[in-house]
Structures are given as structure tokens and as C-alpha cells.
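Labels for the chains are A, B, C and D, by order of writing; each one numbers its residues from 1.
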């Protein structure tokens, strides 16, 4: 078997990269389902483009139902049943979740968004929610059947998602045992969710991120009427397996999670979880694009031989496979670290800061790699790559969204810079890499980082990209040596 | 005025880069029309996606009309009237054509395809057509009003466009003073054209590219019925301003251009013209993507200031502007050279071989740059970049097609390799660059090329990409020093 | 010339039916423009389906722009320039308006909706607005150039449009020299209008229709921000030339027209104007469907002859032409009467009540006839009639909307019943018909009406349809004898 | 239970109308499946509009796959499994087929087309195919599992479907044990079928319908390549559950059914089967439209009460229910008669001619009733009826296709006239009606028919419609008295 053969299946690649995988049978069954059923459903959803919202039923009652082709539910529920959310809590480990996500997102990168944000709802509830809130809402999120509730994490408003301190204008008023929220969320993923965690500013709280709190907002009020409205769904270029909408909160009933003045920590925990998921999905997508390119290069002939046997293309496959392995190693390192720290609360450990740095490196680099690989795979398809008919172009659309949501490269670079500067997380990283990194290279990189950190602020920011990119590539390459 | 300000208008950028520009008033008027009228039309066409074909009229007569929003004709004809085709022949220079194309493709990269293939039809007719054929068909292609005919260049069949020798299965039978062609063209740009140049193999001609001939095929037979059929239009992800179809030739009336056994030279002349156009369009598209990113970065605020004033982003703008100038210099060098050699016939001069090398470098590098810039510009838009609503995503779709049609990077690299190997075109290139290139860098590059050329065939091909890329970047950077 | 030839052009039919037509040159020019330009634009708009709303610009400012193919504006403004609104006030006659509408709606029935509601905004302003309001807003509505403002008439809410007394929940609060309106309009035609007349209930006003008032609501507040929001556009099956939306009023600045307690009269005046327009448009649409069927029947052959020459089909053409003339006569009678009474105010004259009855008969019957004719014309096209490609199916979609908006047949029948019962309007009608109706038939009809009116309420309503239909047909047939 | 309650379910209506129904459990299960699964799938298919054809796979092989949302197959196969085709042969009765079709088409009128044409393929094969052909192809059409083959009946060409004698230009050449067919079919329902019956003219056969023969054409040639090509799918306004395409036959392998000179009989047998199916589907569709109107009228309130309780609307419901019952009786009479004569061969019995007359009356009248009912149901929905969102408009689109395919009203009237004139089928009909028809009415109708038949040809045709319509209504009303 050629090393390229591991490209053909996500589980084969996982097995090639990881020494011991729990739940192999589960993963094999998931993969099989996608091959036989899921692929065709996913194509249908992508072709159907933006789903529609039915705002009112025939009697004039506001309902805000999202209307998908019916089989969307089949595809969506498959992952929940397999345990992409409930296993994390039952097994007290995130590994099953991310293994499942890798397999699933090889076939549909967008569908992992609902899973991620459902986990991102259950997690703060389980960590920071009162006993009463947990009893009231957690079981629904962890159901194993089709009645499972979905979660959602709604932070971004029209002013932008990077600068949440300035961007979040939603206001929360206390109202007895609950709060009432009013505001508009502009990029609200999984708009149909039964429960959402929502960033808002309690009336009178200070400006900036320190004044933010995190709330739980159910779909329906206690009296059974809608608790939030879908103004419209976004016409996105991809990830059509997750409905992203604009949400209107109008005196919406809400429940505070944790302390009102510690919301920013909860928000960042949720975001960091998403970034790890984004990294795993990005690598799986890159593998998928390569798998499609491979099967095409095997069946297409030019100048008397398969195009796979043209030396230029063959060289590209070999090199890109190496890069895929590196990208995977970086993403999986963020998974491993998160799995160790996900239950930490402030003040966080050194390991937590290491996790944050690795998560920023991974989110940044795996998305770049996914975009570049999807572009390359389209080109391998030649003219067919420009047609909607053959699907090669889809992976580039999907990859572009992965590169943008959960923070573009700018956000990752600057936040990575901050955790190095404030928490010295790079030192922990270099210590970790020592066992696998060539010493000279590692030393040179470390001093480059130190030089960067010593620059005046504006210059530091201006020069950060090149250093951060080299650090990501070096870390990825080194980490890939740790895998079989 | 900041250097970034030249990004805002294609003419401003041309004036900044070129010392003397003919027809400035014409270009200014063209730019003005696009700002006021064309932009909105172009958006409509892109949103309308694939146009439809009306195959039969109500009486059952086959008509194969392509149905666009009506204003498409307004947009299309604008360029023809301005002289994107006729000026080349009247002024005996291609400069007006490519200057117009630069301005136009800043607003709509796809619309330059009809112009290019119309020129690519008129050119072989004017160079290689008999006096009688020229008298019969050339005037229509050079009309200055709305009755102008469009041309088209149909080579590729289902077997692929790279290996034309194997791919072209269309057969030509002699039939008195004309030929009859039967075959299927798979990527037929400008499917509505009144006249097309078509690659076919005369019955009994040898296999491979040497057996190909080039024919002129009118839309209608002499008896007024359709001479070729549009089986369907391709559902492309972009360049919707040019209808690309599958064409069925069924005993279609055709006229031979040049000698039947020299067709491959004519075909390559047409292809090389297209590659130069592709390079010009790629640079204009990159400028446009940057212009949009700039206007967004000026109006968007985060952390208390315009995002343009964030050092990381500002650095990216400055560096990318430098790269844009280099890419432009490379593309324009291919224009300048083509303008000197476009009337050459075999055997070609040394300058012609230099042109071919520069054209391959330019087609390859400007498309890469356009894709990378369009991706970056989407990311500058953050979440808005993922929405169909704001247009930022369009430039990436358009750029991907520019990177694929007229030959992907593989094709350019391998053909560039061949012209260096067989014609020593790199030597002429290095001689040209001597006046502007740093001597050491240039020497090092030259020996790297020589080393590559000396490798055994398979290894040479496998290692070609890295060398070709460095050669492209070096050439572009050096050439950009020649411009004001 | 065969009588069927008058079907081919709206102006030819008008000239055949009306003895003296003002502005023949204007109408001829309008018709010519549509043939050459408008038809293709109208097709584009219908194919483009629901336009999109851009809710926010790139800076996050709410803008609620409706994005049409650009040439929509060309088509829309054509009618305004020709005077479909301003002539009514300048010439103090509605005849030019309805003559223009007949010609225009032969080509596009939907585009007359913006014209009608613009007139329906200017009219109450001119009749009932204060001098100051008129000075402030009327000139913009009557401009002759492209800067003309559009109007809109927003009454219906989610609870339904028939029972406005119960359906209108929008509340108006007094606020100094203006009012502030809050509520949601569910079927808001011409959602992009600069100015709308809006039904609302002043706080504290009685329930039911007597508590309604009519307000003028500009698109922008005095401070330049949006004064009302487009929640979304409706995905209608036709009349895509008018954007119909859901409108959110949120403390929207508004100006009272007339007395707060007389709003229902103003509302009904506006509605009655719309019904007359609807009748004219319905007849023009029926003519258009017949014209298309005719041209098809002339070019299609079966069993050795044109299908027009098959006796069964020929008979249908002849009979339907007679019905078209009757329907036109009924519609035009409503125009003539409206032209006499449009400046009346309560208490209304007997002639006004006659107008109301004729308007109900005309709205009801012309829409029924348009639907039936469009269905028949589809069938004449055979299989082609079922395809989107050939346009025959469009007229049925358009006709169905004409049959529903401005009140379905139920509404017309019951309101017609009321004006007969309360105002004895049928007596005036029969007096008018006397000169042309066969005496026996007329007497019989009158006693049938009287019998109906004498029934107990529930039975009267249950049996009303059959009587009303016969009355409509009789009136139409009789009136058609009055025309040349 | 109110009589209106039978509208709510197709099985309830069947049980109310027919004294003994076989397979009630099967029908109940079918109905249940549609309520729970099928309705949502059917909506998806209708919204997805025209499916796409993938003409070539990635290797360039022509494949002509029709790409539907994946769940289309689930819906399609449901009916085949339930026995809509195989039961006819196993139970030697068409009743189970038409009972199933009634239930199914209440939910999706279009999906019964594949079933009908599959039956219309199996039937001539079973009646007229050689033993060898039957052995080779019949078992696949009668499979009970998902591997069942579908059939198709392709007659119509671009010249039109009414005048098959002139319209069919497809030529058949004998080629050993088979034939080769070349021609284009313009309205080819169920374009994906594995087997089709195709009308063609053997080379040298006489002009007109007498020269037509019927052939069996498999999807694949014996060598495994495609035997016919889908040029494109038609963009129909409805019945999107059946893909209708244009089919190219190019030396397509074919097998003769029956005698080459008796093809027209086989063709007409197939068409008459389709007309009966069309009648059953039309009535079910009318019931569905009424059921939707009913549920809306029960939940919508105006003027203080449910709109169902408004006397005018209530009266319409009651009268329309009576008409529905009549239409059903007429359609079911055509089913009963067909069930008695479907195995007849020429020369046909008197009963067969009666069947033909009733089938024409039923096809004509049930389609008219379906269109009228769908229009009315839209109007009951008021404004919501004009929106794509609520589905009311779908039934009108579907009904219009039922009124057109299998022959418009013109065709039914003229063919009905012929069978009365040539075969005196009206005499048999009046004899049958005698037991239930009021004697005077029946006598008057009969003499009216006789008077019509005695007119000169052109006048007869011109006056036929009114008489045929009265005959249809009378027959329907009378027959409805025969049902419980």
C-alpha cells in the first residue's frame, strides 16, 4: 500500500497517525454511513444553498422554522446519536468527540459546526451553571436519541466579532430569577438551536470585555412563545449544513452562567473550544480535497499516462501528504492539550496557556493549509475544477469559511502574540518541542520569537505574521515526528 | 496621496506604472462608464448565474439562443465599440487592446474572455486566411457598431485541453471548397459567437498535434440553418460574463486556415495570445480585490481605530502593493513582447521564444497572485467575506478560473521548461534582466535553471516547480524596477 | 383586417374600443418602447424571481436596499416619466393614467402596482393633507424626471387584509407635530417607496374600522436614519416587478392625513382606486395572453393546417374576443365613473355609490376572466405551456395575483352586496344600463337582485355569488354595446 | 362527522365513495407513510425545481445521470414496493393500482407519472411482446424490491403530440434480430427509465399514424454503453417528481412489439391507460386542494368567526364537495371499464369503445375541475395563496400540467366525438346511465349529441365543446348517484 492510500479514508489516516484509537468500531460505522448515505445528503444540502425560514404559520403565529430538505435532519442527528456531544460528558474526555469530528468533516465540514456549538453550550453550563440550571437544561443537550436539543453560541454583532468589548451591544436587565436580553446577533450559527449561550452586557456593567456576561437563552419562553427571532439566514458561500442567521433578542428570557463580571473567561473558553474543532475540521477537509484529487489523478490520462504518474504532480502529492501530516499533528496537539485542561477554571495553569498558544497556531495554520490544498485540488481537476457539477470547487468554499470564522489569521496571530508576551507560553512550547525538534532550528526560532516580543508595540504587530507562520510550520513539522 | 491610493482606479494604477499611455481619454471614459453603469450590470450577471439556452423556438425550429439579462448586451458591446478588437488591426498594435482590458477587467474579469477570443479569431484569419476568406469574414469581426460579430476559439474536447494531440477527436472531411467537421467541443467559450476557430483533424492526418488543423466555423450554414449546436452551457463558478458551452459539430461547414499540416502553430499562437490576456486580467483582478479590501479597511473600526491603521494589516497592504507592481511588470512585459512578435510566422525569432517564456511565467505567476490576493481580501472583510451579499467572495471564484483556463500552473511550468530547454529562452531572459537585476541574484538563478535543465527527464519535471516559481518572482521583481 | 388582429397590440385594442383617445402619440411611443426594450427587461425580472434586500452596508449601517437587476430602474422609471402619476394632477383627469396602464400592463402587469400605489399616496395627500404637508411632500411624488419619489399603501397586517378593523394592530402615538407608529405590515407593496400611506390606530381610538386613521410615513427620519425596516421580501409567484415586503414600523415618524376619526374613508378611497387599476390591468393581461395564443396558433400546424384554422379553436378565439370586449367595457366604466368622482369627499353622491358597485363588479369579473383566459392560453400552447421557457405560464401566475390582491372575489361580492343594500346602487346601475340592456333581461336581473337583498342575512350571503356573477356578466355585455 | 371531514384523507374519501375496497390495510399504510415521511420529501422535490443531469463522469464517459435530492429515490420506490405496477399482473386487476394512485397523488400528483408509464411499458410488453422479449425484460419491471426497473412511454416529438402521424419522425431500421432507431423525442417523461416504449416509423412504412410501430428501447446497449441520451431536462412548472427530458436516439437498439403495421393500436392502448391515470390523479389533487383550503378556513378568523363559517364560503365548500364526488364517479367509471377491457386486442368490443368515450370525458372534465378547484383553494388562502412559502399555489401548477399532458381538452373532445361518431359509443353510455339518470334530462342530452353529430364537419367541431362539457357534467352527476 502506498502512503497515498491513507488519503482515501479518514479512519485510515487517523489509524496511520495515532497509535491507539478508542471506539474504532464506532468510527468505522460512522465512516461507512457517510459513504453510503451521508455523501449524497451532504451534496443535496450544498446544492440547495441557503435554506428558507418560515416566519409565520398559516394562522399568523410567528414560528421561525428553518426549512431544510427533509433528509438534513437524518444527517444532523447521526452525529448526535453517535455521541459527538454526549460522550464528552459520559466518558469525561473530548477525544471521542474530535475523532468523530475528523471522520465526519472529511465528508461534510459544515455539519461539525452544530456539534461544536452544542458542545460549546453544554460545556459552560456544566462548568459554570447553577445546579438548578444544570438540572433544568443539561439532560436535553445530552440525550442520545433524536429528541436531543441543540446548542448555539451567539457572540458576534454587527460591529464585528474580533473586538467583542466594543462589538457587543446586547443589554441584559435583571428580572427576578432571570434576565431579559435585548439586542441583535449578526452571525448566529445554528440558528435553530433550542438553547443558546449569548454574550451580553448587564445594564450598568463597565464598557469593554470586562463588562460582558454569558447567558443561557432558550428558544421558547416559559409561556411557550418564541423567545428569540430569526431575522434572516445568511447567504453563505459554504457550510450550508449549518444555518447561520441574524437573531433578534427582544426582552428574551435568559439565565446567567457564572459570575456576571467573569463572562469574558467563559466566552473565551467557548471560543477556544471552537478553534480546536476548526483545526480538526480543516485538516479533515484538506485530506478530503487530496483524496478527491488522488482519485481523479488516477483516472485521468494525458500524454499517454495517468496524470498521477507525471513527475511534477506526483511530487506535489508526496510533499502535500507530508504537510498534511504536519498539520494534523499540530491540530491533534491542540486536541490533546484541550483534553487535559478543559475543566480548568481561572486562574489557569501554565499548561492552559500552552494550550491557548497551540490552539492559535493550529487554527491559523490548518486553515491556511486547507485553503491552499483545496485550491490545489481544484487545479488538479483542470477545467472540471471550475464547474459546480463535479464538487471539486466546494472544498475551497468550505475552506474559506474555516479560515475566517472563529477568528481570521490576524486574530490568531495577535492573540498568540499576547499569550506569549503575557504568559510566556512559547517557553513551555519550546520545552515541549525539545524532544523532537532539531536543536539548532529550535534555538534559532526561539530567539526570533524573543526578538519579536522585544520590539515596540506597532513594529511588533507589523512583523508578527512572518514569525508566527514560521513558528506554526516548525511546531507542526516537529510534532509530526511524535506520531507513528 | 498615499501609494495605496493608486489601488482605487485601474487607470490611476496604469498611469502610475507606465510612462506614456495612449488613449488616456478613451480609458478614462471606459472607467467612468463602468463605475456608473457597468458595475451594477456585472453584479446582475454574476448573481444570475448560468444563463439558459433556448434550444427551440415556439415553432420547433432549433435556434440555440443564449438568454441573458438584457443589459448583458449593453455591457458586452461597450468594449467592442471602444475598440478592444478593431483597434488592434487599425492601429497595428495590441497596446490599446490590453490597456482597455486592464481597465475593464478591474470591473469584470470574465467579460474580457469574449474580447480575447474574438481577437483570437480575427488574428489567425488575418494572418493565415486566404484573401477570399478575409474578405468574407474579417470585416464583420472589425465592425465598430453593435452589429459586430463575435469570435470564439474552440479547441478542448472531453479528453482534456492539455494534451491536444490526444484530446482532439473532431474530424474534418474535405467537401469541395470547404470542409465538414464532426465532433464535440467540451469547453467552448463564448458559445454564442458568430464565428469560431476550431481545432480538428483532417481525415487521414497523422495522430498527435502534428495532425491538427485550424478551421473557421460560422454559426450558420450557407442555407441559413444552424451550423453548430449548443448542447448545454457549463455551470461555472464564475466568469459568468462569458457563456461557456458544450458544442456539437455535425457535418458543420468549415474553412481551413493556413496549411492543414501547420495547424498546431496557429493553435499555439491563439493560445499564447489568450495567456497574455489572462495575465493582464489577473493583475487587474488582484488590484480590484485590494481596492475593495482598502475601502473596507478604511471604514471598519476595531479596538478604537480603522483596521487599516492596525500595523499587521497595514504591513500586509504595503507588501502586497509591492507584489502587485511586480506582477503587473511581468504581465506587461509579456504584452510588450507580444506586441513586437504577434505578426511573426514560423520559423520564429529568438525574441518570439523569449515572449513564450515570459508569457508562461506571467500566466503562471499572475494567476497565483490573483488567487492569493482574492483570498486575502476576503479575509480582510472578516465574516462579510463569507457572504454572497457583499461581493468579496466573487473575486476568489473569478481568480480560480483564471488560474485554470488557458492551462493550469503545471502546463505553464512544463511548457516554460520546454522553451528554455529547446530554445534557450532563459538566456535571452537573463540578458534582458541584466540591466535591472542584482548581478549575484541573477547569476545564482541562472545556474539554478541550468542545473535543473541538466537533470534526467523525470527528475527535471519533478523539481521544476520550485525553480520556475523563483524565476517568476525574480523576473517580476526585476522588471518592476524598469517601471516609473 | 380580422377582428382578431386588434389583439396584437394594446393600443390597437384601445383604439378599436374607445371613440376618442387622448395622447395617442404618447401611448404609441410607450408601446413601442415596450416592444423594443421593455419586454426583455420584464422577462429578466420575472426570471430573477424575488429580489434580495441588502439590510446592512459594509460598515454595519442598516440600509434596507432592494437589489434588482439594474435595468429594473429603467423599466420602472419609464412609466413615471410618461406621466402615469403626474398627469392625473396636471391634467385633472385619471384617463391618461389608465390608458397608460392598459398599454403598460399588456407587457408587464406587475409594474402597474408601483404606479397605482404611488397615485394612491399622492391622492389622499392632495385631497386630505394639510397645506404644509402638501408643500413638503407632494412635489417629489409629481416630479417628471428620475428623481421622482415613489409611494406605497400599507394597510394589511398578519391578521389579514379583509377585516381591517380587526387586522390593523399598528398603534400611533402623538408626538408634538407628528406621530410615532409601531407595528408590522405584512403585505407591503412597493417596499422601497420613499413615502407610504399607512393605516394605524391612534392610541385610545375605538376598536374596529372606525378607530383607524391614515398616516404619511417617509422612508427616512428627519435625522436621516431609516424610518421603517424591511423585514423581508415575500417570495411571490408573480408580479415580481413590484417588491412586496414585510415592513417593521418602530416609533416611525408619521404625519396624519385628514381627521383621525375619518381614516376609514381615506383608506377606502385608496382601495377603490387600486381596484379600478386592478380591473384595467386584468383586461390588458387577458388580451396579452390571447395575443400570445394567437401568434402561436398561427405558427403551429397539426393535421395539415394551422391550429388557428381548426374550427374548435377558432370558435374559442371568436367567443373569447367577445368576452374580452365585455370585460374591457366593464373595467372602463369603472374608470369613467372614478374619473367623475375621484375628488369627492364624504358625504358621497349617488354617482359615487354607483362607482363603488361597478368597481366591485369590475374587480371581480375582470380578474376571473383574466385567470380563465391565461389558463386557456396555456392550453393552446400544449406542452410548451407547461414550460418556464416559453412564458405562456407566466400570465396565469400573474392573473392569480390579480384575482387575490385588492380583495378576492368574496370581498368584492360582499362589499358589492353592501353598497346595493345600503345605498341602492343597483338601481342607479340598472337605470344606466337601460339605454343598452335588453329590457326583459334587465328586468329579470333586477328582480333577482331584489330577491337576494330581501333574504335573511346568512342566506343572502350564501346565495350572493351566483347573482353577483350574473350581474357582472350582464353589465359587461351591455356596456360593451356602448363602445364602437 | 361532517361530510367535509372526508376531505381530510384520501382513504377516507375512497371509503366514503366505494362500497368495498380491497387492500385497505395497504392503503392505510401508504397514507400513513406519506403523512409522516412523504409530504416533506415531496415539498423538497418541488422546491428543488428541475433536477440536473450529469452528462459525463469525471473520466469523460457519457453517463446521463439525473441528480435528484437523495430522498427522491425513497419516495419513488415506495410506490413500486407497494405494488402500483406488479400487483396489476399478479392480481390480474388494475384496481389496486388506481386505489394506490389515488392515495399517493393526494400527496404528490407528479410521482404517479413514473408509475403510470412503467405500467404503460409493462402492459404492451405483456400483451404484445414475443415470449422471448417477455422473458428478457418483464421480470425486471415487476420486481418487488428496489432493483425494480422503471418504464417510460416516449411518443411526442418537436412537431407536437396531438398529430402523431405527422409528428413522429423517428426512423427504425431493421438490424438482424433487432432494430436501430434514430430520432429525437421532445417530451420524454421519466427520462431515467431503464426501459422505454417508443413510437417510430420503420423505414419505408407509409406516412401517417398507420405507418407507426412501437418499440422497446433499453437504457443500455448490449455492450453496456448508453443506448439513448438525455439532451436536457425540461424546466417544467410542476410535476417535478417526474423528470421529463428531451431524448436523443442515435442508432439505438430496439425491439419491435407486436406487428410493425399495428403500432398505432398499441400506442393508443398506452395513451388510454395514461388518461385514466390522469383522471384519478386529477380528482385526488382536487381533494387535496380542498383539504388544504378546509384546514385553512378552520384556523383563519375574520369578522369575529372562522372563515369556514362565513355563509358564502361554506356554500362554496358544500357545492364543491358535490362536484368532487361527481368528478370522482366519472374517473372511477373509467377505471372500472378499463379494468374490464385492458386485455382486449383489436377488433375491440363495444364495451371497449364505451371505455374510450368515458376515458375522454373523464380526462377532460376531471382536469378542468382540478384546475378550477386549485384556483379556488388559492383564493381561499387570500394573500398567502400567492406565496411560494405556503404551498397553496403548487396545486394550481400541478393541475395545469394534468390539464395539458395526455392531450388537452381539445384532443379529448375531438377524440370523444370520433368514438361517438364512428362507434356510436354514446348510445352505450346513455344505456348505462339509464338506471341512474333522470329520463328527461338524459333524453334531451342524447338528442343534443345526435344533433351535433349530424352537423357538417367544421360546424360539428366548432360546436362540440359546449355539448361535450354538458355530457361530461351530466355523466359525472349521474354516475355519482351509483356510489354510496
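Convention: a contact is a pair of C-beta atoms (placed from the backbone, for glycine too) under 8 Å apart; a residue touches a chain by one contact, two chains touch by 3 or more.
Being a predicted model, the structure only gives us computed values, none of them experimental.
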Chain labels contacting chain C and also chain D: A, B
A-D compared against A-B, more contacting pairs: A-B
Residue-number overlap at the chain B/chain D interface, same or different (half cut): same
Whole-Å separation of chain centres (CA-atom averages), chain A against chain D: 51
Between chain B and chain A, distance of the C-alpha-averaged centres to the nearest whole Å: 38
Chain D, residues touching no fewer than two other chains: 52, 160, 235, 300, 389
Touch-based graph of the chains, sorted into line, ring, star, complete or other: complete
Sites on chain A touched by chain C in the complex: 52, 55-56, 60, 158-160, 231-232, 235, 246
Of all residues in chain B, those that touch chain C in their complex: 37, 40-41, 43-44, 47-48, 52, 54, 58-59, 69-71, 296, 299-300, 381, 384, 389-390
Of chain C, residues touching chain D in the complex: 156, 160-163, 166, 186-187, 234-238, 300-304, 310-316, 371, 375, 378-379, 382-383, 385-389, 393, 396, 400-401, 403-405, 408-410, 413-414, 458-465
